[in-house]
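Take a look at the structures below.
Here come two complexes built around chain A, the first alongside chain B, the second alongside chain C.
On to the complex of A and B.
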């Protein structure tokens, strides 16, 4: 059916993808901010499951710890400490929304058609992409050898993000 | 992947300017923490010195043998020319911020945020690895989002900042999606490796390569504010402090152009004929929509925003022409792109600077504030006239030379329709540029004329910009000889 191989990982992938999509749609269609944050947590968990399915257990675990754990909780705290009563106005049908929906469907159909139109490269069964290292070791070696420069640049990015958050949130006398 | 020797890599020869700019940014950051009291405008001078030092290193790199560190950072002529361009622009923008900080209270952190953004821009100019390019782009973008929203008290600044953040993030996501397809079919993030295997990849997966090319183009199109991905531009430019608008229009665009050039040529260069004409459509849309919408603008910074959209369309024309020309003709296209971006830098920063002085003195950003400028300040009026003539592409200015080269390339290299469109849309742009010039030389009808004063820093900046615009216009060979002697790849 659909030219797919109905192996257990494929079925698991479809179930997880469905979960991610449902959570993502809930995240944008809920009217209360706090529910949106919860739905995003669901998306993060689903992504972690996909990583584990792909054999990247370390990334999956990090995804759960950092995104599903820390970041979702942080978002919830930020919402609760500010205006947690905030509600989006209910969705309305307008020309712009309909055009956007049609555009999204077209984009989705195009992407699907392109992805399904070609047979993708298959790795040899049992191929070891980690050169015999365990998963976290391979990630660490890649980060600190081949990808040292982008790793260092990311530290600059974090500093900029921190400074930016402080500038934008701090109370200032010099504000007009 | 064999283990690289981390200690013995030519870091300094490949990342020199980047390291100097980063060091300067941290120095300014620490100084800003230590000295909390009093007038802190001298921090801008420290940033400026850092940028000038980096510029010197970048010029020295131009004479260094091409090298590569960790398969990631290169020093090649393409990267060197654009590093010099980015740093020249940075020096101008920092002069502008130095003057600006003297009149408007803004968070002192902006001085080093600009330097961090420039570090990102330099990474985009010198990296040959998709991950590094992406991180550099994000470093530039995140700093820019913050800089746009710097005047938190102003609703327009916050609106511009939020719009830029949302659209820019979507652009980054689209770009990353395109990169992920390439990684999926090649198993590599190195532009050089992907480029070497592209013949086979293209033979096996043509539609996926096309899809990833289009996603990369769209993602960079958002950053370059090409039509139809330009929606954030007028709001962000109008809401941002003027030096930041100038920064976005010049440094951010030059960096995005070199990143787009490097990605498309290194990875898709062999299949250009099948792919690059898509960039031509974006160039056409940007030239038409940018110039036509600009006609209706009354706010000065919004008009400059639409004008910058149109200018980006002009620079995209040679990028589209890479598909219809042979590699031996590519040198000429590089010369055109680099020359136009140098010309564009001087006239754009200058135009934003004069608009800032006038808008501040008259208390309005409406273009009617220009009325009678030649009586209020002949020097400002003259300088702005030079910039506008150059943006419009009048002879004896750098904009004219730049446009002639791009036009000649288009006619030469089988892109006649783009050349004709460039010519026609430039004629449309005369209406709004000359509308401003007419206002500048109108006499103020009633009341006594208040003169407009500008500080010494502003005079220095305008002097440099006018000199750059006129020198490149009258003796373009000064820069063209350097570009033509450059072995681009």
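On to the complex of A and C.
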């Protein structure tokens, strides 16, 4: 049916992608920012399920811990710092909306073309993302042997965020 | 592969059960079991025995954001330690140096926040 192999992973993938899409649409159609943040949390959870489905259990667990747990809370805090009581009025149908729709369609077509032009690994040997290791070990080997510089840059990024938050907290302290 | 997938069926079952439980407790089984004698005092929001005032959605102080961000920073650090520890036997001393540099960088951030006295709660 529909040219798909109806295996359990395929059915699981379809259910999960449906959940992700529903949460993503909810995230952009809610009028209250707090509900939007919660819906983004749902998207993160769905992505974690996709990672686990692909055999990357550690990445899935990391996605739940960092994105669904910490980042959603951080977004919530950022929202709570602002005047978030205002509700967004329903936007009228304008030229900008049509331009955005055209842009979305173009982006979708480009992404589809890029994904289709790639040669994806097939079969039992190519499909193993972990190359015979357990997933945390495979992630560790890739991270500390091949992606050393990006890994150290992560610490720099975290420092920058931390310094920004310190300055923000300090400015407010002086206001009192 | 097959028994492995069946293990994830339990995750799905637990998720569904977890979603069902509050609905059942609040709207299905709860109203059958509990007595229903509403009064004005009973219907107010429970706020640890205090009279509730204002709205729950108040603007937070910016200092809470710092603590949330500190949590995220060290959450990420802990997360990177796990694959590092799991693959350490195959990586050797270079990985130790990498991780030490990473931890020292984040420790500098913590010391900076400490020296700026933003961690103190006055």
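Descriptive notes on the structure:
In this section, the second predicted complex is superposed on the first by the 132 of 176 C-alpha atoms of A that agree within 3 Å, B and C clash if a C-alpha of one lies under 4 Å from a C-alpha of the other, contacts with A are read in each partner's own complex, and residues count from 1 in each chain.
One rule holds for everything that comes next: a residue touches a chain if its C-beta (ideal position, glycine included) is under 8 Å from a C-beta of that chain, and two chains touch if they have at least 3 such contacts.
As the structure is a computational prediction, the values presented were derived from the model and not from experiment.
Contacts of A:159 after superposition on the shared chain: both chain B and chain C are touched.
In the superposed model, A:168 makes contact with both chain B and chain C.
After overlaying the two complexes on the shared chain, residue contacts for A:114 are found with chain B alone; chain C is out of touch.
In the superposition on chain A, no contact is made by A:103 with either chain B or chain C. Contact with chain B, but none with chain C, is seen for A:149 once the two complexes are overlaid on the shared chain.
Counting the residues of chain A touched by each of chain B and chain C gives the higher count for C. The residues of chain A shared by its contacts with chain B and with chain C are 141, 144-145, 148, 154, 156, 159, 161, 163, 168, 172. Those residues of chain A that touch chain C in the shared complex are 8-9, 12, 34, 52, 58, 62, 65-66, 69-71, 73-74, 77-78, 80-85, 133-134, 136-141, 143-145, 148, 151-152, 154-156, 158-159, 161-163, 165-166, 168-173. Residues 111, 114-115, 117-118, 120-121, 131, 141-142, 144-150, 153-154, 156-157, 159-161, 163-164, 167-168, 172, 174-176 of chain A are the ones touching chain B in the complex.
In the complex of the two chains, the chain C residues touching chain A come out as 5, 8, 55, 57-66, 68-73, 75-77, 79-80, 82-88, 90-91, 94-95, 98-99, 101-102, 105-106, 108-110, 112-113, 116, 118. If you check the complex, the residues on chain B that touch chain A are 1, 3-4, 6, 15, 22, 25, 29, 69-73, 105-107, 109, 112-113, 116-117, 119-120, 123, 127, 129, 131-132, 134-136, 138-139, 142-143, 145-146, 149-154, 184-185, 187, 204-205, 207-208, 210-211.
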